[in-house]
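Two complexes come next, and they have one chain in common, chain A, joined by chain B in the first and chain C in the second.
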Partner chain A sequence: MTDFFKSRLFLVSILVIAIAATLPLYVSGYVLGLLTVAYYFGVFAMAWDLLFGFAGEVNFGPTFLIGVGAYTAGILNNQYGWSVYLCIFLGAMAAVIAGFVLALPALRVRGPYFGLTTLVAVLMLQNFVVVFAELTGGEIGLTIPDVITISANINYWIALGFMAISGAILYGLSQSPVGLVLQASGQDPVQAGALGFNIVKHKLFAFIVSAFFSGLSGALLVFYFGTASVGTVVDVAVGVNVIVAAVLGGRRTVLGAALGAIFLIVAGEFLRPTGELATFIVSFVALLVVLFFPGGFLGAALSREARS
Partner chain B sequence: MDARINSRPTLQVRGLVKRFGGLTAVKNLSLDLHDGEILGLIGPNGSGKSTAMKSIMGIERPTAGEVTFEGENLAGLPAHKIARKGFGMVFQHSRPLNRQTVLENIMVALLPDSLFMLFPDKALTERAKWIAERVGLGPVVNRKPPTLPFADLRRLELAKAIARDPKVVLVDEPFAGLTLAEVGTFSELIRSFRDEGRAVLLVDHNVKSVAALVDRVLAMYLGEEIVTGRADEVMRNETVRRVYLGGALETHARPETSFKDAVPALEVKNLDVRYGKAQALENVSIHIHHGEFVSIVGLNGAGKTTLFNAISGFLPYSGDIVRDGEKLRGISPAKIARSGIVQCPESRELFGEMTVRENLDLGGQHLSEAERERQLTWLFELFPILKARQDQLAQTLSGGEQQMLAIGRALMMQPKILILDEPTLGLAPVILEQLSKALEKLRQTTSITVLLGEQNVTFALPHADRVYVLEHARIVWEGDPGRFAAEAGEGYL
Partner chain C sequence: MLALQILIDGFAVSALYALGATGFTLIFGVSGVLNLSHGAIMVLAAVAAWAAASMLHTDTYTGALIGVAFALIAAFATYFAVVQPIQKSKRIPNEEKEIFVLTGTLLWGIMIQELIAYFFTNNAKTVLPIVEGVVDIFGVRTPRNEIFTAIVCWLVIGLLWFLVNRTRTGKAVLAASMNPRGVTLLGLELNNIYLVVWAIYGVLAGIAGVLLGMFLGVSSYSVGPLTASAFSIVVLGGLGSVSGSLIAAFVVGYLETVTAYLISPAYRTIPALLLLVFVMYIRPQGLLGRR
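Coming up: the complex of A and B.
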C-alpha cells in the first residue's frame, strides 16, 4: 500500500484532480455544468466496473440502482421536505437494499441470466415510475424543491470531490485482498471456490458496494438537476451509456471508467452542432475502441507501460 | 505401509453416487485415503473419475453417499467450506490473475474468506514466497502469468493448492501437457507432498503413467470401481486389461473377387490436391465396391481427411472422382451428401445444445415420418446407449457416446457410402470395442459401403475387406488386412 503513494498513477491522479479543481477560475458556467454531470456519471461507471471488471458479472441495469437512489431521495424531499443530506443518505441506503434484494436471487443464476435479471429490474422500475405518477411525477418528471447549493462553482467542486473520494475508495478496494478474491471469483469461480472462497458472498458484497455508490451518485445528481426523470436516471439508454463509458475507459481499471464517462459526455456536447448525428458519432467511436482496443483507454495505456 | 492401512483413513468415501439427469456418472464408489499415501483414481474417458473427484471436493454436489474427513461427513457442503476443512485441488486448466504477479497469485490462495481484509498481511507475503520456492517458482515470483511457460503455470496451480497446508490434495491429470523431464520434476513434487504426511488423490487416464508415483490404484469403469490394489496388480487384472486393451486382433476379410459389380461404387483416379504450395494428395487412386468395407490407414497428416473432403466435394482437385460411372466434379457438397455419400467428420460436428434425439432427427429430416421411425428403431438396436440418452443434450455425452451419435446421425441420412474419419480419436479402448461391434454389425447386416480412415490399426483392420496405406500424400500399399502386418505393419503396431 505504501508503494501506491509513490506510484505514478497516484501522482498523476492527484495532479489531474488539482488541475480540475482550478477550472472554475477560468472556464464558463456552461462547461462547469457539463463537467459536474460528467463527474457523477464517472462514479456510475466506476461502480459498474467493480462488478464487471472484478466480479465478472455484467449488470445491464446500472440505472436500476441509480434510479432507486435518485427517486428515493427526490420523493422524500418532495413529499416530506426532509433535509437534503438525509434524503441523499436514505437514497443511497435504498439503492443498497434494492441491490441486495435483486442480487441475492440473481447471483444464483449463471451466465447471461444474471444480466437479463438486472435488465428486467430496470424495466420494472421504469414502469413503476410511470404508473405511480402521483408519487413519482411520472413521465413529466419529479420536481425537487431543495438544492444543495445554487452556486455552479460549489456544485462543481462537490461533484469533483465526490468522484475523487469514490474513485479512491473503489480503486483501493479493487487492489485490496478483497478485490483480489473478487477478481479470482470473476475469472474462475470453480477454482476460487476450491481455494476456499465463498463466491456468492464476495459477489454480493461487490454488488452492494456498487449499489451504494450508484445510488449516492444518483441522489446527488437529482439534487443538482432539481428534477428527477426517467430519461435522465432510469432509462435503459442511460444505463447503456454508463456501460459504454466503463468499457471505453478500460475494463478492470476502475479509474478508466471515470475517464470514459467524462469523454462520452464532453464529446457528446462538443458534437452538439452536428445535431442528431452527435450520438451516432460518439457511439461509432465507442464501437471502434471496443473492437480494436478492447482494453479501453486506460487498459491500453497500462499494457503499454507493462510491456516497456 | 501396513501400519498405515491399519490406522484410520483420513478420508473415507462410502457409497458415493453422482447423477446428472438420467446419467449416473459415479455409482456407489467407496475409497479410503490415508495420511502420507498417494492413491491413483484411474479410468478411461467417461469413466466418472473426474466427477468423483469433483464430488469429493464439493464442486459437484453428490447425489448420495458419505465423504468422511477426520470423522466428519462433508458430503453436500459447498467447495469453499470443504476447502477450509483442509482440502486443496490442483486443476488441470485454470485462469490465473494475469495482471498480478506470480507471488500475488499465490497470496490470493492464502487470504481468509473475509470481506474485512483490506490490507495484505506481511506474514502472508513471506509465506507466499516460501511456497513459491517450494514448488520451484522462486526465480519468477515477480513475473506475470502470461509471460510464463506452461510448466510454470502448472507449478502455480500446485502452489495455490498447497498454500493453506491442506491435509488432502486432489490432483487432476498431473502430467497433462508436460515434457518427460517435467514429468520427473512434478512426480518429485507430488511425492514430497506425501512425504510431508498429506493424503494425495490423483486422477489420470491410465495406470502406466502414474504407476511409479502411486502407492495404490483404484481403477474405475463406467462410474464403478473395478479393482483396487498396487499398480502392478491392477495392471495384471483381467477386467482392467479387457477395458484397456480390448480383444485379440482378428480379421474377417471377404476377398475382392467376391464383389461382383462391374462398376465400383466409388472410384478415385489420379487425384491431386494442393493447399497452396503443399501437396496434400499426389496421384491417389482407390476404388471401393458396392457393399465393401475399405480402410485407409495412415498417420496424422498423411492426407486421409483431405481425401474424404475431396470426395465429399469440399475441395478443388485434379484427377477424377467417379461414382457409379459418373464424375462428381462440379456437384455441390450438399447434393453429394443427399445422393448418399455421407461423411462423419473426425471433429464430429454435433449440435451440442440439441438433444440426442434432435440431432438424429436432423439427420433423418428428408425421410417420411414412418421411415424415420423405422430407421431410428434400427439405429437404436445398433447403438442401444443412444436410446437411453435420447433426451440428453449432445454436449453432455461422453466422448464415446458423442462418436456413436455422430455415426448415428450419419446413418439417419441412409447413406449408400459411409465415410468415417478417425472415429477412434481420443476415445478409450473400451469404447473402441463397442464401436467395433457396431461396425461389424453394420457390415454383416446392411449393404452400406464403408470407407474408414484410421491411424489406429487394431481398430481399422478387423472389419476391413481391403486396406490402403496412405503415407505422405501417396498410396503406398494396398491389400487384404491379413497381409498388412507382414507387409506394411511396421510403424503401426
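Coming up: the complex of A and C.
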C-alpha cells in the first residue's frame, strides 16, 4: 500500500484533482456546470466498470440503479419535503436494494442473458415512471423543490469531491484482494470457484457497491438539476453513454472510466455546433477506439508505460 | 368480435416479429454474434423504401426492393466494418470479444440511426403499402396490407426453412451452427458460411423493415425498441434456436396485442417484459434453448 502512495498514478491523480479544484477561480459558471454533470457521470461510469471490467458482467442497465436512486430521492423530497441529505441517503439505499433484487435473478445467468435481464430492468423502470405519472411526473419529469445549494462553485466542489472519494474507494476496492477475486471470476469462473472462492458472493458484493455509488450519484445529480426525468437518468441512451464512457476511458481501470465520461460530456458540448451530427461523431470516435485501441485511453497510456 | 380482431392483429404483428427475429437468431446460432444494430438496419430498409417512393417516385415494388438492397448492404457493412475486425483483433482477449461485438454493433447502430435522423429527420414515415384497401373478415374490417404482411412473412420464413434444410449451402449453415470446427474439418470455408448467413440476415431484416414501414410506420426512434424486442424474443425462445424464436415471437406479439386492446396501449410492453424476467428466472436458456 505504501508503494501506492509513491506511485505515479497517485501523484498524477492528486495533482489533477488539485488543479480541478481551483477551476472555479478562473472559468465561467457555464463550464463549471458542464463539469459538474461530467463528474457525476464519471461516477456512473466508474461504478459500471467495477461490475464489467472486474466481475466481467455486461450490465446493460446502469440506468436502472441510477434511476432508482434518483427517483427515490426526488419523490421523497417532492412528496414529503424531507431534508435533501436524508433523501439522498435513502435514494442510495433504495438503489442498493434494487441492485440486490436485480442481482439475484441476474447472477443466475451469464453473458448476453445477464445483459438482457439488466436491459429489461431499465425498460420496466421506464414503463413504471410513465405509468405512475402522478407520483413520478411521467414523461415531463419530476420537479424537485429543494436543491443542495444554488452556488455553482459549491456544486462544482461537491461533485469533484464526490467523484474523487468514489474514485478512490472504487479503485482501492478493485486493487484489493476482493477486486482480484472478482477479476479472476470474470475471466474464468470455474477455476476461480475451484480455488475455493465464493464467486456469487463476490459478484453480489460488486453489484451492491456498484448500485450504491450509482444511486448516490443519481440522487446528487437530480438535486443539482432540480428535476428528474426519464431522458436524463433512466433512458437506455443514458446507459449507453455510461458504457461508452467506460469503454472509451479504458475498461478494468476504474479511473479511466471517469476520464471517458468527462471526455464524452465535454466533446458533446464542443460538437454542439454540428447539431444533430454530434451523437454520430461521438459514436464514430467511440467505435474507432473500440476497434483500434480496445484498452481505451488509460489502457493505452498504461500499456505504453509498462512497455517503457 | 374483439377476440377476432385481436386474433387477426396479433397474427400480423407476431409474423412480423418472427421475421425480424429469425435473422437475428440465425447469426447468433452460426457465429455467436448478437447484432445490436438490428433495429437500425430494419429502420434503414424502411426509410430507404420510403425515400425511393416519395423522392425518386419509383413504384412501390421497386421501392421495397431498394429498401431490402440497402439492408443487405448495411448487413455486409456491419460484418466487414465492425464484427470481423473485432473477431480477428489480436488486442482483444478472446473471452471479451462477445462484449466488444455488443458494444461495437451498438455504436454502429447509433451511427446509422443518427445518419437517418440527420438526412430524413426524426419524423415517422409510413411506406406506401403494396396492396391497398380493406377486406371484411367476419365483420372485422382488416386492411389488405395486414394480410399481405402476414402472408409475406410466412412465405419468407418457409423459404428460409427450405434453404436451410434442403439446399447444400443451407445444410452447411446448419452444420456450422451445430459445430463450427467440424465444418472446417470437412473442408468448408467458415468465412463463406458467415457471408451466406449475413446475406440471409440482411434480406430478412430488410423485408421485415419494409413490411414494418408499410404496416406500422417507422422513425429513427424505433431503432432501440426494435432491437430490444428482437433481443428479448430471441432470448425468450432460446438463443440460436429458430423455431424457439418463432414461438416466442407469437407469445410476445399476442401478449402485446391483448394488453393493448384489453387494458391500455400504454401498458403494451409490460406483460411481455414480466414474462421474459420470469422465464429467465426459471429457465435461463429460454423456451427451446440448449444449455
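What we mean here is this: the second predicted complex is superposed on the first by the 308 of 308 C-alpha atoms of A that agree within 3 Å, B and C clash if a C-alpha of one lies under 4 Å from a C-alpha of the other, contacts with A are read in each partner's own complex, and residues count from 1 in each chain.
The rule is simple: contacts are C-beta pairs under 8 Å (C-beta built on N, C-alpha and C of every residue); 3 or more make two chains touch, one makes a residue touch a chain.
This one's a predicted model, so the numbers in the text were calculated from it and none came from an experiment.
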### Query
Do chain B and chain C fit side by side on chain A after the overlay, or clash?
clash
### Query
When the two structures are overlaid on chain A, which partner does A:Q183 contact: first (chain B), second (chain C), both, or neither?
first
### Task
Based on the superposed arrangement, let me know which partner A:L287 touches: chain B (first), chain C (second), both, or neither?
second
### Query
Looking at the overlay, does A:G295 come into contact with chain B only (first), chain C only (second), both, or neither?
second
### First, second, both or neither for A:F205, with chain B first and chain C second
first
### Message
Quick check on the superposed pair: does A:I165 touch chain B, chain C, both, or neither? Answer first, second, both or neither.
### Response
neither
### Message
Quick check on the superposed pair: does A:L15 touch chain B, chain C, both, or neither? Answer first, second, both or neither.
### Response
neither
### Superposed model, chain A: greater residue contact from chain B or chain C
C
### Task
With the two complexes superposed on chain A, say which partner A:G193 touches: chain B (first), chain C (second), both, or neither.
first
### Query
Touching A:T279, do we find chain B (first), chain C (second), both, or neither?
second
### Query
chain B has the stretches 344-352, 416-424 or 434-442; which one runs into chain C?
344-352
### Query
For chain A, which residues belong to both interfaces, chain B and chain C?
187
#### Entry: chain A partner contacts - residues on chain B that touch it in the complex
57-59, 78-80, 83-84, 87-89, 91, 94-95, 97, 99-100, 104, 107-109, 111, 113-120, 144, 160, 163-164
### Query
Can you list the residues on chain A that touch chain C in the complex?
52, 56, 58, 105, 108-109, 111-113, 115-117, 119-120, 123-124, 127, 130-131, 187, 236-237, 240, 243-244, 247, 276-277, 279-280, 283-284, 286-287, 290-291, 294-295
### Task
Flag every residue of chain A that touches chain B in the complex, lowest number first.
1, 172-173, 176-178, 180-181, 183-184, 187-188, 190-199, 201-202, 205, 252, 306
### Query
Across the complex, what residues on chain C touch chain A?
34, 82, 85-86, 89, 91-92, 95-96, 98-100, 102-104, 106-108, 110-111, 114-115, 117-118, 224, 228, 231-232, 235, 239, 266-267, 269-270, 273-274, 276-277, 280-281, 284
